[in-house]
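A, B and C label the chains in the order they appear, each numbered from 1.
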Amino acid sequence: MTLQAYLTLAAMLFCIGLFGVITRRNTIGILLGIELMLNAVNINLVAFARFLGDVSGMVFTVFTICITVAEVALGLALVILIFRIRRTAVADHLDLLKG
Amino acid sequence: MAVSGFLALWAWLAPGLAFLILSLVVPLRRSGKPAAWLSIVVSLAALVAAVVAAWHARVPDVARRMLWEWIPVEDGVLTSVGVLVTAEATLMLILVALVSFLVQVYSLGYLADEPPASLGRYYTYQSLFTFSMMGLVLAPNFVQLFICWELVGLCSYLLIGYWYQRPEAARAAVKAFWITKAGDVFFLIGIVMLWSRTGTFDFAELFELVQGGGEALAGLGLVTFFIYLGAAGKSAQFPFHVWLPDAMEGPTPVSALIHAATMVTAGVYLLFRTAFLFEQTPDVLAAVGWIGAFTALLAATLACVQSDIKRVLAYSTVSQLGYMMAAIGAGFAGAGFLHLLTHGVFKALLFLAAGAVIHAVGTNDIHAMGGLARRMPQTFIVFLVGTLSLAGIPLFAGFFSKEEILSAAWAGGLTVPFGMLVLAAFLTAFYMFRVVFIAFLGAPAVASAGHGGHGEAHAHDAPAIMALPLWILAALAMGIGIWFSIAHPEAEFVPPAWLTPLAVGVAVAGIAFAWLVYGLRAISGDRLFERFWWIGEAAMERFWLDDLFALVYRRVILGASRSIGWVDRYIVDGILNVLSAWTLTAGDRLRRIQTGQAQDYVYGVALGVLLLMVWMRWPK
Amino acid sequence: MSIEPIAFWGLAVVLLASSLAVVLTRNLFHSVLYLALSLTATAGVFLSLDAEFLAAVQLLLYAGGVVTIAVFAIVVTERLVGDRITQTSRQILTGFILSGALLVALLAVFRRGPLTVPRPVVTGDLTRAIGQSLLTTYVLPFELLGVLFLAALVGALYFARPDD
């Protein structure tokens, strides 16, 4: 398939992920949306790497996957910690930054 | 002639140096007596320099100029500072230096009871005044003259209000400042108008311009009239004369120096210096003459009903200033200038003598005095010398200059002003000898002693430090009078034969009348007052001029200030306050964007990215 | 009819459908499961792009590790709260509009550029190329990645410490 097809696929996935991040109330749900967005980015990177003949795109993908894993681990740990303290996982209740 | 320039410069700058030292070196000023001695010594040095400069510059109609460029503009210089030394300028310089020196010596005795810090302040102001007045006299152009003019006005304010804790003194100082300022505004306008027409401020250049004639001089009448208004304010011409009697709230030496001999004569000197301009506008000159003569007569009538000895002298000064202006208005500025010099000497003498009386008796009211001639013989003698000079009796200084003015008025064709001046001469002799008869001769008053003084019963002659200036001035008055009688300067005209007897006769008649009323009590003063009640009453109210000025001040000026203040508070500040309130409200509303919820921020980021993409890709 | 377009379209449908399910399902647990499905579909996409190594990494780390962690988190929090967490969403319409607009913008970008590039021929082993690249050109980020993992490990240990 053409590069454009892959890029379109990745764009759709990205926007679905964005929709999830914006609308979900539960913090874990937001993290899942972020996962989708990162996934889309990875597809993008690999597609470009394949079609332009440069392997560094795939190397970059390796990096992003690793970093995402670390981020998810710690993010979920934070969610659990917040649960212990605040007894809630609903993101709307975590508004200490309110100006 | 070159030496005169440098000497004049030194005479001018030395008091300025004294002022700087006294104002900056605070411990010296606070110490009182040492500050006084510094000022006195410097003014003596200035006097010596002035005398030597005058000797070197005695050739008439030759001017020595020394200029330093001051304000540079595109092509050339806008104005300079420096000195313009002529024979007459050096004579005026001597007058200023002499009277300043004598007054400062006198003040050491008169103000002996003042706290040292106040005394230091007094002498600082005195030095500043001497510096400013000399700068005015020697000014080579209008700019320097105006600056020194304002400085002199400032010193007048500071010295009138020397005892600033007294509300009358503070009010009088402000009044003097306001009224002279009104004249100064017109003066400044006149200067600028002159510059816009001719492109120069310099006297010498203007003189050349006038000699050459030309179209640049069209419309000069308005300019000279405005300049005259400035002089009218400073020299207390009608209707601006109201500040001078109130200025007597200041210490008597200040009155002698500033409001008799020097500052008030600055207007006369200005007109004398710029006479070549005024010659081009005869209408303005005629107005000057008429107003001058009217002022002389008006002030003379006012002086007849005053009980305060200083106020009598103040009105007398106004009257004599009117004389000088009348001479200038007649076209003979030299006569006016001569009277300026002689008047400076004997009026300062009269004021200082009055000061000695006040110092001894403790009151200004002549009706509380009496028989002082017996108790204070020396003061009586010098006062009499001054009075005879003022009345215009031959052998005394004032006679010759007064007669010159009368002849000038006659020769200039101003007949009605001439009549006014003659009548004023009669009144002058009358009111001065009224004071002599009431205060010095006659029985002592029954009234009790004044506060602060020794009381009439203990009146005695002044101490040496005050008496010495008195004797010097008296000797000078007599000396000048005798010298003029023997070898009087060339007059520009020959007076008619009947003029001299008329002048002397009028003066003698005035003295005789005063003797009848106040000496012999043959004619009742009260009956006289009733006969002339329409003038007398008005004179007591000072012709309601003070009230008029006060009304204008309170209603117009303060009213304008109040309304402008209202505009400032409610409109200008109001706009700012509204703007700031809007800003605060807007900030308050905007902070609701910060919901504290991360998803909303993501929202914002996504929106931003979208907008960025749209903007980048928008077809151009 | 080559297999490739069919494979692509199939994978695309699965991927998009499961992603939509991730963001729209009420039940959080179901969400995670759908996520696992979508991650697996992504691995398939990688395969279709001849990136075998990446497909393997994706399956191992994402579909294996991340989903496991997410499930554990849900279980733990669910137990903490006591009952099943139901999902509700907020501001669906505006979110939809925004995402839709962004999608439209992105697609508009793709229209412009010359993106119909033919797929070049694969020369050599891509996995080998990735490995070589990692250890020569990109060795610095590689090492830093190790540091990152160390930091994450320490952080996780810190979070997991017992309350004193």
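In the analysis below, a contact is a pair of C-beta atoms (placed from the backbone, for glycine too) under 8 Å apart; a residue touches a chain by one contact, two chains touch by 3 or more.
These numbers come from a predicted model, not from an experiment.
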Chain pair with the higher count of C-beta pairs in contact (A-C, B-C): A-C
Longest centre-to-centre distance from chain C, chain (CA-based): B
Centroid spacing, where centroids are CA-atom means, of chain A and chain B in whole angstrom: 90
Whole-Å gap separating chain B and chain C, where each centre is the average of the chain's CA atoms: 97
For chain A paired with chain C, centre-to-centre distance based on mean C-alpha positions, whole Å: 7
Sequence positions of chain C contacting 2 or more other chains: 90, 95, 98-99, 102, 106
Contacts with two or more other chains, residues of chain A listed in rising order: 18, 22-24, 92
Multi-chain contact residues (two or more partners), chain B: 599, 603, 606
Chain C residues touching chain A - in the complex, by the definition given at the top: 4-5, 8, 12, 15-16, 19-20, 22-23, 28, 31-32, 35, 38-39, 42, 45-46, 48-51, 53-54, 57-58, 61-62, 65-66, 69-70, 72-74, 76-77, 80-81, 85, 87-92, 95-96, 98-100, 102-103, 106-107, 110, 115-117, 119-120, 126, 129-130, 133-134, 137-138, 141, 145, 148-149, 152, 155-156, 159-160
Footprint of chain A on chain B - complex, ascending: 591-599, 602-603, 606
Chain C residues touching chain B - in the complex, by the definition given at the top: 90, 95, 98-99, 101-102, 105-106, 108-109, 112
Contacting residues of chain A [partner chain C, same complex]: 1-9, 11-20, 22-26, 28-29, 31-33, 35-36, 39, 42-43, 46-47, 49-53, 55-56, 58-59, 61-63, 65-70, 72-74, 76-81, 83-84, 87, 89, 92
Footprint of chain B on chain A - complex, ascending: 18, 21-24, 30, 91-92, 94-99
